[in-house]
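The two complexes that follow have chain A in common; it is paired with chain B in the first and with chain C in the second.
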Partner chain A sequence: MSMTIALEAFLTLPRGLLLTLVLTFASLAAGFAVSVPLAFLRASSNPWASAPVLAYTYAFRGTPLLVQLFLIYYGIGQLPLVRQSFLWAVMREPFWCAFIAFTLNSAAHTTEVLRGGIQAVPRGQIEAAKALGLSRFHTARLIVFPLTLRIALPAYANEVVGMLKASSLASTITLLEVTGLARQLVSETFAPYEVFIAAGAFYLLLTLLITQGFQMLETRWTPTANRPPPAQPVPRRANGKPPLASAET
Partner chain B sequence: MKRTLLLALSLVVCANNAGAMDRKTLTIASEGASPPWNAITPQGELAGFDIDVGRDLCRRMKFECTFVPQDWDGIIPALTVGKFDAIMSGMAITEKRKKSIAFSKPYAGGFNQVVIRKDLNLPPTDTLAELDLTTIDPEKQAKIEELRAALNGRTLGVLRSSNSEAVLNELFGKVATIRSYDSQDNMHLDLVAERIDGGLADYFTWKAFLDSTDGGIATLYGPRLSGGLWGPGVGVGLRQDDGELVAAFDSAIEAATSDGTLKRLSEQWFKIDVSPQTSN
Partner chain C sequence: MYAFVDQFLSGLKNTLLVFALSCAFGTLLGLLIAVLRNSTRKSVSSCMRAYTGIIRGVPELLIILLTYFGGTALLSAITGGYIEINAFAAGVAALTVVFSGYAAEIFRGAINAVAPGQREAAAALGLSNAQIWFLIIIPQMIPIALPAFCNLCISLIKDTSLISVVGLTDVMRVAYIGAGSLRAPLPFYLAASAIYLALTSLSLLSFRLLERRYSLPAMKG
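So, the complex of A and B:
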């Protein structure tokens, strides 16, 4: 364990932090936008609407992201048709290939997370909305969607952390995010422990921030009635025994 | 009970140590993605110049050798932690690598060259000229400047963790965009896909690609580069505390050089002689 190399790693790796964050959150945002309509289609009882979405989420959740990334980056580059089309301006850039692969993957996972949320919305709430005369679109927008978000929040937090870690795969297609820089530094110093421990520390820090953020959201969005009571000190009597709950009220 | 356990443990440790002392087997790692130095056959076995030389040296040292594939990226750390005993993977002997591992004498020379896409129509150059980067005089500097001007604004690929990466950064880092790849094969794919305009790598690695159907789109460019960061040639990489093994490899390489085995294998795989005598 060399402190100089560890220090060098701590100074070098933040240069890749911006790319890691941009890749992670841009793909998450795009993936979320795509997944909201897909989740409603997937939750629908009409098989013509849900089956194609199921096929998509099944394919992208059932294969490794690394394979998807290679197919999109190296695979599509092999097709002369794509290379001669306007698409190539985008597809020739490693960044956009990573963005597209991550977005498609994240959208597939998020769709299933939201689908679970939609199906967990209590029927009574939907019937109440119907009774109020809300249209189907209004019910979805005003009742189902906000409730879904609350229900799906913990599962979605996992997806966000998962995406952050998956963004390290971008280093396999020449992008120099945190892992890419770490691999480059290892190749210069032949010191994998110091460098990868430093890289791991950066990911851990980001994960910590993300999970804290989601915990705050969860507390804010949980309805007051369902919220577990805040912890309070138990008053003690003179004899040292805690009071009986019924005796005081 | 505790004592018997300790005894058993110490016996195991002793047995292991004894195994390492009079070792008759050796595991050698090779990347398997840089033909004709080393490649993986359709049957999944390693083959190439490195492998054939390795077999010959092992026969001379009376070692039972097995070859294992290992990605270039982690090949040096994997050697130092003992995942295998030697590296034979077209690895140039350099000062930087010597800080982590030991090297045998060189078993081959060789040179590196820039390759560029044909459709860029760059001004022609003498691709047979030689440029040794060990010492740079004004004449050599002028040649480098010429190359630098031609590659200005281009995107160039290189194998990550290679000496070529260091040289490319040093020579063209300021004028060109440099992308580092985890394998030479992936770099070829991107060259064919026109994501990069060219790259720098070992001549023989290029040769196999340039002779393939896909490689027709690219051509050698600029002089043959050697010396400098590339060092005196290609050697066997070994652990620094394996002094005996280094000596064994050295004498085996000497024997294989003097009886012409290395020359023969070099001509067989590279079509030219890159054995130690001619390259130094």
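So, the complex of A and C:
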């Protein structure tokens, strides 16, 4: 272990953090926006609505993200149709290819996560909304969607962490995010331990922040009635020991 | 393109071999970690907790890169000469570590879901510690752990494609080479997607059968 190389890695790698975060959160945001309508279609009882969405989520969840990324970066760019159109300006940039691949992948996962949440919303809630005279759109927007978010939150937290880690694949198409910078630095210094462990530490820090954030959100969104009662302070005796159970009763 | 069928087949063999080996080793390691996490010794259980936390918080690709390049550096340092660890060994080692981290959490949840009375009853009957684990707890945690374990196996199949980055000739690598040499990336990557989709569908199907076979009588509908 060379401390100078480790220090250099800790100073260099943050330059890739911005790209890692932009890729992760832009793809997550776009994926979420796409997946909300898809999840409602997927949860519908009409097979004409749910089957095409199922085909999409099945294909994107059943193949490796690396293949999807290469398919879009190397494959789509080969089509003359794309090369000659305005799309080429977008599709020749590795950033946009990564963004498109990650978004499509994340949307497929998020759709299934939200579908699970939608189907877990108690029927009584929907019937109550219908009895109150809410339209189907209003029921979905005011009743089903907020409840779905609450139910699907832990699963969605996993998807966010998964996307952060998946963003490391962008390094395979020449993007210099944290992993890309680390690979570059290793090829310059031949010190894999120092550099890759430093990169791992940055990812670990980010995943910890994300899981902490979702845990806070989860406690906030739990209805007050379901919350566990706040911990009662244990009364202490004068000598500092907690009271004996037998002495209490 | 047709000339690449043989290459795809040998790539498929490598993909399946890496999957089978890292799944088997990862399951054993994961089980060991899950058992140690239940240890009454605080230092052991918190070490295992840190292990799963770190493994699950770091990208798989980074672990593969660290094992491959770090493994070479380590072996060279030990022997004094330059020894390169091959991509296959590095890939299996890295994926075993990744798999064990996730599997340990699944197994831990399943172990905790086995009623504590079972363990107490077994202890009361005079069973040894090893007997309690192998005869009472592990058989009962299988149906509980199976659905999550199956999902994990399917993501492992997809994760094997990452080893192509360090040069193992698996399905993904064959597609990459073919796409480059024939200058036709689209058909090659579509073929690779189809192979992976077939693999994940096949495993999904077989796991469904397995789940039905191992479900507890009370869980059967």
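One rule holds for everything that comes next: the second predicted complex is superposed on the first by the 233 of 249 C-alpha atoms of A that agree within 3 Å, B and C clash if a C-alpha of one lies under 4 Å from a C-alpha of the other, contacts with A are read in each partner's own complex, and residues count from 1 in each chain.
Following the convention adopted for this analysis, contacts are C-beta pairs under 8 Å (C-beta built on N, C-alpha and C of every residue); 3 or more make two chains touch, one makes a residue touch a chain.
Computed from a predicted model, the values in this text were never measured in an experiment.
Undergrad: State whether chain B and chain C clash or fit side by side on chain A once the two structures are superposed.
TA: Chain B and chain C clash in the superposed model.
Undergrad: One more residue to check, A:G62. First (chain B), second (chain C), both or neither?
TA: Second partner only, chain C.
Undergrad: Identify the partner contact of A:P154: answer first if only chain B is touched, second if only chain C is, both if each is, neither if none is.
TA: neither
Undergrad: Tell me which partner A:V186 touches in the superposition: chain B (first), chain C (second), both or neither.
TA: Both: A:V186 reaches chain B and chain C.
Undergrad: Scan A:Y74 for contacts with chain B and chain C and give back first, second, both or neither.
TA: A:Y74: touches chain B and chain C.
Undergrad: In the superposed model, does chain B or chain C contact more residues of chain A?
TA: Of chain B and chain C, C contacts more residues of chain A.
Undergrad: Between chain B (first) and chain C (second), which, if any, makes contact with A:T174: first, second, both or neither?
TA: Touch status of A:T174: first partner only.
Undergrad: Could you look at A:P14 and tell me whether it touches chain B, chain C, both or neither (first, second, both, neither)?
TA: After superposition on chain A, A:P14 lies in contact with neither partner.
Undergrad: Touch test for A:L208: chain B only (first), chain C only (second), both, or neither?
TA: Once the two structures are laid over each other on A, A:L208 reaches chain C alone.
Undergrad: Give one of first, second, both or neither to describe whether A:R83 is in contact with chain B, with chain C, with both, or with none.
TA: first
Undergrad: Contact-wise, after the overlay, does A:R92 reach chain B, chain C, both or neither (first, second, both, neither)?
TA: A:R92: touches chain B, not chain C.
Undergrad: Tell me which stretch of chain C runs into chain B once the two are superposed: 7-15, 25-33, 79-87 or 115-123.
TA: Looking at 7-15, 25-33, 79-87 or 115-123, the stretch of chain C that collides with chain B is 79-87.
Undergrad: Based on the A-chain superposition described above, do chain B and chain C contact any of the same residues on chain A, and if so which?
TA: 74, 78, 172, 183, 186, 190-192
Undergrad: Taking the complex as given, what residues does chain B use to touch chain A?
TA: Interface residues on chain B, with respect to chain A: 73-74, 76-77, 80, 97, 99-100, 157, 160-161, 165, 179-182, 186, 189-190, 192-195.
Undergrad: Under the stated contact criterion, what part of chain A meets chain C in this complex?
TA: 59, 61-68, 70-71, 74-76, 78-79, 161, 165-169, 171-172, 179, 182-183, 186, 190-193, 196-197, 199-200, 203-204, 207-208
Undergrad: Which of the residues in chain A come into contact with chain B in the complex?
TA: Result: residues 74, 77-78, 83, 92, 94, 172, 174, 183-184, 186-188, 190-192 of chain A touch chain B.
Undergrad: Across the complex, what residues on chain C touch chain A?
TA: Within the complex, chain C contacts chain A at residues 53-54, 56-63, 65-66, 69-70, 72-73, 154, 158-162, 164-165, 172, 175-176, 179, 183-186, 189-190, 192-193, 196-197, 200-201.
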